[in-house]
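A, B, C and D label the chains in the order they appear, each numbered from 1.
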Amino acid sequence: MSILIDENTKLIIQGITGREGTFHGERMIAYGTKVVGGVTPGKGGQNVFGVPVFDTVKQAYEETGANTSVLFVPAKFTAEGAYEAIDAKIPLVITIAEHVPVHDMMNVYNLARKSDSIVVGPNSFGIISPGKSKAGFMHDKIFSQGNVGIMSRSATNCYETVFLLTNEGIGQSTVIGIGGDMIPGSSFIDFLPMFEKDEQTGIIVLIGEIGGSDEEIAAEYIKKYVKKPVVALIAGKNAPKGTSMGHAGAIVSADGTGSADNKEQKLSEAGVIIAESTEHIVKIIKEMQ
Amino acid sequence: MSILIDENTKLIIQGITGREGTFHGERMIAYGTKVVGGVTPGKGGQNVFGVPVFDTVKQAYEETGANTSVLFVPAKFTAEGAYEAIDAKIPLVITIAEHVPVHDMMNVYNLARKSDSIVVGPNSFGIISPGKSKAGFMHDKIFSQGNVGIMSRSATNCYETVFLLTNEGIGQSTVIGIGGDMIPGSSFIDFLPMFEKDEQTGIIVLIGEIGGSDEEIAAEYIKKYVKKPVVALIAGKNAPKGTSMGHAGAIVSADGTGSADNKEQKLSEAGVIIAESTEHIVKIIKEMQ
Amino acid sequence: MKLLEYKGKELLRDYGIPIQNGVVIEENQDIKESVKNLKSPYVLKVQIMTGGRGKAGGIKFADSALEADKLAKEMLKMEIKKLKVKKVLVAEKVDLIDEWYLSIVLDRFNKAPMLIFSPLGGVDIEDTAKNNPEKIVKIPINFFMGIKEYTIRYIFKKYCLDMSFFEAFTSIVKNLYRLFIEYDCTLAEINPLAIVGDGKLLAVDCKADIDDSSLYRHSDIVEFRNSIEENVLVKEARAFNFLYIPVTDEGNIAVVSNGSGMIMSCIDLITKNGQKVGAALDLGGGATSDRIAEAVKIIFKNKNTICLFISIFGGITRCDEVALGVKGALESGEIEKDRVVVIRLEGTNKPEALKILSEIGDNVVIADSISDGVNKISSRRF
Amino acid sequence: MKLLEYKGKELLRDYGIPIQNGVVIEENQDIKESVKNLKSPYVLKVQIMTGGRGKAGGIKFADSALEADKLAKEMLKMEIKKLKVKKVLVAEKVDLIDEWYLSIVLDRFNKAPMLIFSPLGGVDIEDTAKNNPEKIVKIPINFFMGIKEYTIRYIFKKYCLDMSFFEAFTSIVKNLYRLFIEYDCTLAEINPLAIVGDGKLLAVDCKADIDDSSLYRHSDIVEFRNSIEENVLVKEARAFNFLYIPVTDEGNIAVVSNGSGMIMSCIDLITKNGQKVGAALDLGGGATSDRIAEAVKIIFKNKNTICLFISIFGGITRCDEVALGVKGALESGEIEKDRVVVIRLEGTNKPEALKILSEIGDNVVIADSISDGVNKISSRRF
């Protein structure tokens, strides 16, 4: 099974003729992803690496029946690109760019929640269902197919975890880069029900960090609805207070909510196993297998 | 059972100190409705007919735990009043005023759909669950408790139907004035699932009219999900084309959709019994009993 | 409130949408003086509230001010579909290369604005919908997002339009949307939107419909409404806050009630019985005897109307008030003696009402129900 | 980007929110001349990026220009929490009757703005939250609706505020909201919002935080950032598009990695092992040998830093590039010989990288994993 993307994913790339779009477009195809088209305004009618380019997402959608779009467009055009994909009724929209203004994302988030589209990112490495499809720029060699479903606010901690898992012979069902920004299009709470339902997924890994309340919200849901084992890592216990850590998300609220302690406590109360490090995550999972 | 309102309804009246608000407020209390408060900016702290007045809906909500609000405020303040009720998280908001600008309602509609509030109206006589509660200005004497659930875009056709039903000894579960405006806060589609589920309701009556596509949308839903018998009347077969009939809703689209014929055909295909007149509705129901 | 072309174009101009230079001519106006700042040749168009004016001779061309003067004077004497021509728009004739259709409408299905475009402009959009449906694109607009550039790009690519018009078209669409929102439009239509040269577009005709309920915030539109030729009875009724609705010219039955739903039901039943309704009047709420009397008088000012069907479902309205109103009107001497009122009442003080009505005379017929009333009308064979 | 008081107040003024008259004084400025248009007495406030300036002697009052001159000069020589005072705001002293708290923050829970108000202004809102939670109201704002009057009415009624301030307060809230939206704020705070007379309110202090990612559309804020005293290494790192993060002053370990998640994890593990991280540097994506060398040099410019832990999970980054960068930096002569680099690499060309690293010398320690690296750091006991 896996969630969100699989062998039936028909992907379009917004910004396909850009440097990043082309580079990762070819890699996604090489991985086996069905890239059915791309969008670059003004370049409709062209072809890049055998894939047709359209001027608008709506056209691309109508011509290809795409069900997922990944945006390799600069930060300042990400909101407009996401609107366009939502407006064209693309069910899954993945935004990659770093440094998207948080007010832009506040706008996209609030619009998306009124729509039927799921927005993932920004500042996400994308989504991969190993062996089936990848939509993003992650280094796919380290992934392998298996029963661990992973969602992570941090790319580096996620790669590290996946690398160690794969080295231990433990594969993944779907790995989602939630992105570390203050307002992600989707968060743990949106994917937990999917992982819980997914037959391939046996263990869920949640890699969070300080700031925001998405881990606390997830904890509440897990307590009520999730039967599968969940392992969580919260990074940033010793991050300096009130300073940006690169991820806009990693700011501890002045009033103490959003702290690593609070998150770990809430998750722990929900029956989640708390890991101390990426290596510890892998150790815990290894013992479960 | 009944739907939307019943003996547990705790009602506030926005505009309670106005002429209409006071007049109908007393009548609602006389009918047995639990009117727990009212709102008039600047008159907070007063009392009218034994009911406390607040300055804002949020305050009224916090102090009384109201779960329904009815707006007896002029058309030009209806949108703002509805926002306020939605923002205060009142689950059911009933707007009475005629001649609310349609763009105001477009705004309210789109906001309400993002919220947990149900907005009914504008240009509605309100909602009544006979014998339990009324929220609106309908002449309650003609209603009686029973198993017919009614929703109507027209007040007069609805009164007529109810009057004849009650005369025949046939009561009603809940009667809803949808209002005849171009963009009603809620329509048939929103109440059909409730009536279908409601144990008290045995027969559903839908009183529609030309214009818009709410009857066609209802037909689609009925076809798929409604097992209870539905009787429908569509008024306006011979209304002049393209002219306003008082109800902003009663404008036949130039391209033929929204016509009485189209609506009757779609409803008929969905298994709905089409009545020729209000008297005919009652005749049909009488035969069913 | 439907606007006449010239008023719609005034709004377009105010919103930065290019239109032809032109002037509105009325009777007794010095036409040659009025057009002197316009470049010839001219196009003259009658300003009336009906379609098909072209076929009816309501659009003419003139090469000189002299010719324009002559044609305009003729036009101001015309009557089209029973509407007297009171205004003529004289504008600079445009050499157009192609014509598009553009409108924004209130989409009742999505409860949001909808953008409609066709590369086949200048013809009725309903004909295009029927004959060339692939030449129309309807795009629902997200109410919170408005119209974005990618939507316009989509239209251009779909119909392979010349990108040199992209900028001008984008500006027109965005301005038309602003107008639609700010002026509470249910329709804002430019047809044709003419291509007149290098990257240049021009709105040659305009239809706009503004929500009546919003007029309190658009004083200029109220002024416009007051300035134009209108059905006298509609105007008179409005003074009493009634809604007078002409139904069919041949009808000789009228309907008065206190709600549009009931009115529509009555018209439907009377029509089904083989008779024709000429007009209807909606009293709205709270009918006192004075107001009822005025309503009855207004109805019978239409000399075609022989029979009036009044159906009032009282509720709060008192039936005796209604009866007294009918009595007052019929005894005022302003209504011809052969006119008949069929009346059906239900509500408070019904017995008193029936007593009053029964004493007026033969021309008042009491009905027990709507269907009884309709039958009594048809048995009289008006 | 956190703004200093004077810059935040400039924005308030631009958005029509009343502030005191005042001037910003820098070194070598003619203070008496600068304050001559201000009415005495004055309040002088140092402009530094830290809280608690009052307790540290950073707020003073002066009765005359002469006194202001003397005090300002003293203040411009101060250092508070290791920050040198470079700017002093001199403003007209306000006689205030009462103080409120008002802010708009980005609410990450609701993903929308939130309005926060307290009738207890002038104190830290966190203290109020702890000691008088009933004196704070937090109202989530519907993103599509904005702040409506009824919300402000609610606040007034909840705290029984004098309605004569309603109009002034409403105007301030709406303008602050506009500022919040248009300037991409994550925080826009007025504390205290002072009551200074009949219906009159005044913003006496202001904190604003502007989303760094939005700065490309706020050139005035970029200018402000460039104009203020800042950590030299942060500035230097920014020139290379690195993010330099001071962690704790006492720390002597530094962390370099290509992602903030990894950096946080490394800091957590090192801290857990009983050692202190002084700074971290985020390389971002695409690290070439040149950039790596620069990063290593910047890190060791902080003389407290004895040991650097580099953890790179390659992916697309080539490990040999990283190794060459480290080698280049350590052999540049710019780094003291006793400094140590513990390095853990994973990815393309790892063997080549290990070869390069092993040839540099004793001050380069290779680790197999993050935990191995952390252990190797602690075994060296810096």
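What we mean here is this: contacts are C-beta pairs under 8 Å (C-beta built on N, C-alpha and C of every residue); 3 or more make two chains touch, one makes a residue touch a chain.
Treat the numbers as computed from the prediction; the structure is a model and nothing was measured.
Centroid distances from chain C, each centroid being the mean of CA atoms, peak for D.
Compared on C-beta pairs in contact, A-C and A-D come out with A-D as the pair having more. In terms of their C-alpha centroids, the spacing between chain A and chain C amounts to 54 Å. If each chain is reduced to the centroid of its CA atoms, chain C and chain D end up 61 Å from each other.
Chain C has its Cα centroid 28 Å from the Cα centroid of chain B. Contact with two or more other chains is made by residues 144 of chain C. Looking at chain A, residues 110, 114 sit in touch with two or more other chains. The touch graph of the protein chains shown belongs to none of the named shapes. Taken pair by pair, the chains that touch are A-B, A-C, A-D, B-C, B-D. The part of chain A that touches chain C in the complex is made up of residues 41, 44, 54-59, 80, 83-84, 87, 110-111, 114.
Within the complex, the chain C residues that touch chain A are 142, 144-145, 148-151, 153-154, 156-158.
Per the touch definition, chain C reaches chain B in the complex via residues 106, 108-109, 111-113, 126, 129, 143-144, 181, 184, 186, 211-214, 216-217, 243, 245-248, 257-265, 267-269, 271-272, 277, 280, 282, 284, 313-316, 346-347, 369-371. Those residues of chain B lying in contact with chain A across their complex are 110, 113-114. On the chain A side of its complex with chain D, the touching residues are 75-76, 98-104, 106-107, 109-110, 137-139, 142, 152-160, 163, 180, 182-183, 207, 209-213, 217, 233, 235-240, 243-248, 250, 254-255, 258, 276-279.
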